[in-house]
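The two complexes that follow have chain A in common; it is paired with chain B in the first and with chain C in the second.
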Partner chain A sequence: MKTKIFQNEGFTSFLSSLAAIVAGLLVGLIILFVSNSKDAIPAFVMILKGGFEDGSRGLAQVIYFAIPIIMTGLSVGFAFKTGLFNIGASGQFKMGAFVAIYIGVKWSSVPAEIHWLVALLGAMVAGAVWGSGPGILKAFFNVNEVITSIMMNYIGMYLVNMSIVKTIYDSLKNQTKPVLKSAVLPKAGMDKLFNTSNISIGIFIVILAVIVIYIILQKTTFGYELKACGSNREASRYAGINEKRSIILSMLIAGALSGLGGGLLYLSGSGKYIHVLDELAPEGFSGISVALLGMSHPIGIFLSGLFIAHLEVGGFNIQLYNYVPEIIDMIISVIIYCGAFALLFKQIIKKLITKPVIDTDNKDNVEPVPLLISGADKVSVHDEANDVTRQEEDEK
Partner chain B sequence: MEYVVEMNNITKVFGNFKALDDVTFKLRKGEVHALLGENGAGKSTLMSILFGLYQAEKGSIKINEKPVKINNPNDASSLKIGMVHQHFKLVHNFTVLESIILGRETVKMGVIKKDEARKKVIALSERYKLRIDPDAYISDITVGMQQRVEILKMLYSDSEILIFDEPTAVLTPQEIDELMKIMKELVSEGKSIIFISHKLNEIKKVADRCTVLRKGKCIGTVDVETTSKEQMSEMMVGRKISFNIEKKDIKTGEAVLEVKNLTIKTKDSKKNKVNNISFAVRGGEILCIAGIDGNGQSELVYGITGLMPINEGQVLLKGKDITKESIRKKSVDGMSHIPEDRHKHGLILDFDLKQNAVLQTYFKPRFQNKGFIKFNAVAEYARKLIKQYDIRSPRDEDSIVRNMSGGNQQKLIVARELDKDPDIVIAVQPTRGLDIGATEYIHKQLVAQRDQGKAVLLVSLELDEVMDISDRILVMYEGEIVGDLNPKEITVEELGLYMAGSKRSGGYEN
Partner chain C sequence: MSTVYFIAQQTMYFAIPLLIVALAGMFSERSGIVNIALEGIMIVGAFFGIGFINIYQKTMSGQTLLILAVLIAGLSGALFSLFHAFASINLKADQTISGTALNMFAPAFAIYTARMIQGVQQIQFIDTFYIRSVPILGDIPVLGPILFKNAYITTYIGLIIGLISWFVINHTRFGLRLRACGEHPQAADSVGINVYRIRYAGVIISGVLAGIGGLAFVVPTSTNFNATVAGYGFLALAVLIFGQWRTNKIFAAAFFFGVMKTFASAYSGIPFLKGLPISNEVYKMIPYIATLIVLTFSSKNSQAPRAEGIPYDKGSR
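Right after this comes the complex of A and B.
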């Protein structure tokens, strides 16, 4: 039984992510030492403690940071499963945020009980519209979605800035007007439980989104079609799957997820407003990190989003020791960087784990192990050694 | 007897899969020694150990009677072992000369001294009668020429032991004859050759001795001269192989697939890829489209199946016009397609076996309920196919298809396409790259379809295949049909004339 767990692909993926995280933290420690060696250790401990520093308020803070980046992470990860790189989460996020605030400020005629829900739906629609643009261009004109979605980020940012000034502008503070009370997400007693006002039912909506995406990808024919297109577009065409539809829908859903993330953040009642600045929403890019670290798997994304939020809270706290919170960004980048070596880590881990299996005498009880499990390196237990030959030759 | 290579009692284990089990292989000086076995028998693994890419768990290697340890390809090179891989490893924008000296450049103060290298290359090419143009670019020369470059590369590094890994797979019949001559020439100059193959004709022609592997075990080493093809194939497969395929005598039925005046243009060529083609495939017949590669066969099939838009003409399935229907509709209506390129079209390599098994049927009520896939039903169906079509894989229905051998990947596609119970099967080179056992199996399956009264459209480049299993042959040349032939009435040589475009049958004149 034990061997079964160790040979599980998910388990090795998890271990390789863990290795990346350890590497990132070590680099963080070095940076702390270089900038101020005196307080490095306590500051490092504080980063590790992150959200656990401040009791339930700290946890609430982690959740608050995590909500938008889990959503953009889901967005990027979902598109990635379909073979698309959604770098436009930032623009979709901002569009969603704007529409949510707009509805929250202006649509006072909506019944108060569902005002926030309508605002969130509006955010999803806005994000979906913004995401489907690159999808349509990709499907019908084969325009690279990376380029179009980067452009859509800027278009979205300027459009939002312009629209804010025209409609819901607080000119004194150069930001959006506060939303009506009815548009703020319900707290459902969470604020009392956690003793802070930052928390709301938003986290449950995020969990719901994670579950829905997981089910779509793993259990439905729709998810099967999307993954098939992502994995091999030609074979999907051969199988009669409408790959244009799949691409557009995939980008549309990805956009809706990012848009929802924007809505959830700005309707959380934490006193957050969109400032009219020429700045892309950073949550969109954090989403890429979250998706990479979570290996594009919905549950992995959920966990990695919480983890990165945890570090960010720690980074916020180390200002006590006069460190800048940007150190956290560096740690996260190193983690992502090492995450790119995940395949390498995976192979090393796999080797370490499978070695004993060869030596055991009762081989019959153990499941066969594919040599390598990564998609990029194809080796079969059969006679396809040519492939290895080719790879290693290339390395030479 | 002097052995240049002795591999004694080699065992190699991947996980708990014994790829090689106590295999002994000995190469004499100056012989062509064939290594025969089906896909997955362990041929390439054995050679990878000799070439230093893998290390054996057990066993020893002696080169020139001295025990050695080969840890990497560089060790192998210094022991004068060279290998021509099945897929060449050449840099396409290098010249022939540059490719040959790559990695072994003679350098003076950091500057490559090409003149010396050129002299040596030309001397080598004259000595072994390997004619090449040292200044031609790799991308401009034929596959056969590229192979010569690979061979020269081995010779340039003074290799004495030459490994050829399935060298004939990519060559035309004429190029194969040339290669055989070159191999004989090399041996007469004192080199020793290991020739990996599963084509018995070639082994018979060129090899002196032959070692047969089956499922990682050494079955034996025989003298090629005194052993018949049948005996060798029995050693390889473990049972008797019938080279003749039995077909029932049945009456051909109604036309199942009709193609009328089909024309396909592509952007990159002025001439029509498919030019005004009409034919019909009837139930109970195998209609074969023969021709040299690149004469429009692929485009014709893409046009019929819907993977490529057609410019003019009609496709009728059971009398119904399906020209404009979607690929999905055609498949549901009874068209099966075993595609030419199994990795590009036929399979999603990163999916597991069961998900590939339902690639065109996942949406049927059998496998889904309100949009949710019934994984149990899918797995059960996959197990049924595995059993019925003898598909072998490391982890049955959960195997990632990428980890399966080529033969079993193809069997999976054939199983999936035939199990749909189609009215017409369009099979494009269904046995490309497969060993005898799998080829025989797939031929039998196609004939079984025909015997059930189904229509089969077979596109093949292999003349043996065309002659053996088809009921009628259409020859394509430059996008047109130039002959409608009966395989019982013509010879292979005649067929060759049609394929080369120098003969046309009545009704197909210009």
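Right after this comes the complex of A and C.
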């Protein structure tokens, strides 16, 4: 019985995501038509083609765009699973990027073979530190993590700017100095395969991160505890789960993922530097859309990151027809918004297929846990968490 | 003394938009709808407000133009916020999701439209709204220089909005109903209050105020609109939580943040701060660090509306 529901769940969520994507693209088409009807169709085709426009170089460009936003998407999605909204991926990303560049520029005494690895580890640690801040404040002082993460974004941005100027500043270009060759991620022949220098082994590290997060969430007790905490904090506390520890670790890991994303982007050897500007890293906010579109599932996030990057490349290309690339952000936001409609759609289908599930009265005291975000496995966790409490009550 | 006046006048530029937008958030959240879309609504309000000024500044100028722009900003904010209301009230969607979508849509829309129409994304405007000194009132000792010199009319609009909000939320029937819907919608429904309608009202008021707040942020601090309000919508959320969802505390929080922000941006104009060997960035960090510290000690007893973020379902128990 259960497997049957799961099959339906997967199928309906796929259908509803598809509907949302179609709606978003339609809105995009309308906007193209309204702003310039003559070139609307070829431009729309170009958006759809996205990364497939320019052969292997286009694909490499998609991967290059996708790497940081998949990482921040994983970060946001992972925190969502524990019922936390990590809007601070931006600050964690920037801290990671800075530490990676710092190690890449300054630590020339590290053996050349592992220099990039050390820099990436440094980025993870920096992100983890930055992410754990809001986690600790949430766990021990009940401070709303959304606000603390926003504050940490700004503090991180100014701290990074200050540290760049003091340590690794290229004052002529108002940016960071280039990293040493040994700190650039190895290409491992990828550059020849794709015929461009933008690509490196970074994508494999991302895939590794996706797998690790998948295993943590789906196959370990720790991951189960995190999800239980996200579904029903009270119930998980009754079940003997240390919720404070779960909150802090969840934010810490989320931060490490964002930090790693920063490291991967700025060590990719594509000539990208941190500019000293009062500007939050946009990758952190893209991560929120990636996580929402991917329904917080690691594999979903991987695919949605690639999809959004694919559209971004298309958006870059339509400048040929004098369109503005921001149309992509509008399309993506409509897709996310229609995710709300899709949820309704999904519930209707679910109601038609399964018997109405008896909803326990926890609706009143549960914190606003993202509904759509937690995706397919949410229902099962919910039930199990309740079962645990019931068992406890039975024992009493 | 002139330093004190300078700080006070500067503080207004930062504190007033924060106050307006935090109150915007309050109306929405106390009706039970989390409004993370404040940033996006601010951008939409500022975009249409500044766009209006840009188009009509050849034929109009001064306070008339600004007041009309304020109305346009409020109206556009209200219309934009309807999307959030529809998703979170009718469709019972997760309120963070639709808020995030709105936040993403707004700057992209502003940049896209501006660039498609005029080629560049900055919308220029001529500042004919600056008030050097309000007649008569500006000559009052102490209070005159603090409130009525080097000001914009948005300052007074903001203060009036503050007063009205306080009155509406605490002393009117509508305010009581709004609060009831945010605390216990089932109970409110049982005594015949239309929860959906009240929540719509909360979100729309929130949209009007956030739209006005966007314009109130751009006009005093810049001469063009660059599709951003510098994260003020998020800061206003912080002010809202910092102010514990209560008007008077929000007022205090907005001014606390405004003063901190003033030290950060205008410290070089303040003699005793200028001499200190502290980096520019440290001053910029101070408002955020201060907020973190204050929140740490004040969040134990959060007074958030109890039904906040939970879609109201008539059928649920």
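Methods note: the second predicted complex is superposed on the first by the 339 of 396 C-alpha atoms of A that agree within 3 Å, B and C clash if a C-alpha of one lies under 4 Å from a C-alpha of the other, contacts with A are read in each partner's own complex, and residues count from 1 in each chain.
Throughout what follows, a residue touches a chain if its C-beta (ideal position, glycine included) is under 8 Å from a C-beta of that chain, and two chains touch if they have at least 3 such contacts.
All values reported here derive from a predicted model rather than from experimental measurement.
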### Message
By the touch definition at the top of the document, which applies to A:Tyr154: first (chain B), second (chain C), both, or neither?
### Response
second
### Query
If you stack the two complexes on chain A, which partner ends up touching A:Met162: first (chain B), second (chain C), both, or neither?
second
### Task
Name the contact category of A:Asn144: first (chain B only), second (chain C only), both, or neither.
second
### Message
Going by the contact rule set out at the top, does A:Leu25 touch chain B (first), chain C (second), both, or neither?
### Response
neither
### Task
Applying the touch criterion given at the start, work out whether A:Phe222 contacts chain B, chain C, both or neither, answering first, second, both or neither.
first
### Message
If we overlay the two complexes on their shared chain A, which of chain B and chain C does A:Ser231 touch? Say first, second, both or neither.
### Response
first
### Task
Examine A:Ala239 and indicate which partner it touches, taking first as chain B and second as chain C; both and neither are also allowed.
first
### Query
What part of chain A is shared between its chain B contacts and its chain C contacts?
363-364, 366-368, 370-371
### Summary
In their shared complex, chain B is touched by residues of chain A numbered 219-222, 224, 227-228, 231-232, 234-242, 354, 357-358, 363-364, 366-371, 375, 378-386, 388-390, 392-394, 396
## Note on the structure
As the complex stands, chain A meets chain C at residues 31, 35-36, 85, 87, 137, 141-144, 146-148, 150-152, 154-155, 158-159, 161-162, 165, 278, 280, 285, 288-289, 292, 323-324, 326-330, 332-334, 336-337, 339-341, 343-344, 359, 361, 363-364, 366-368, 370-373
### Message
Under the stated contact criterion, what part of chain C meets chain A in this complex?
### Response
34, 36, 83, 87, 91-98, 100-105, 107-109, 111-112, 115-116, 231, 234-235, 237-238, 241-242, 279, 281-282, 284-285, 288-289, 291-292, 295-297, 299-300, 302, 308-310, 316-317
#### Entry: Complex interface listing, chain B residues touching chain A
13-17, 19, 39-45, 47-48, 51, 53-54, 57, 73-74, 83, 85-87, 89, 103, 165, 305, 307, 326-332, 337, 339, 344-351, 355, 359-360, 362-363, 368, 371-373, 394-395, 399-400, 402-406, 408
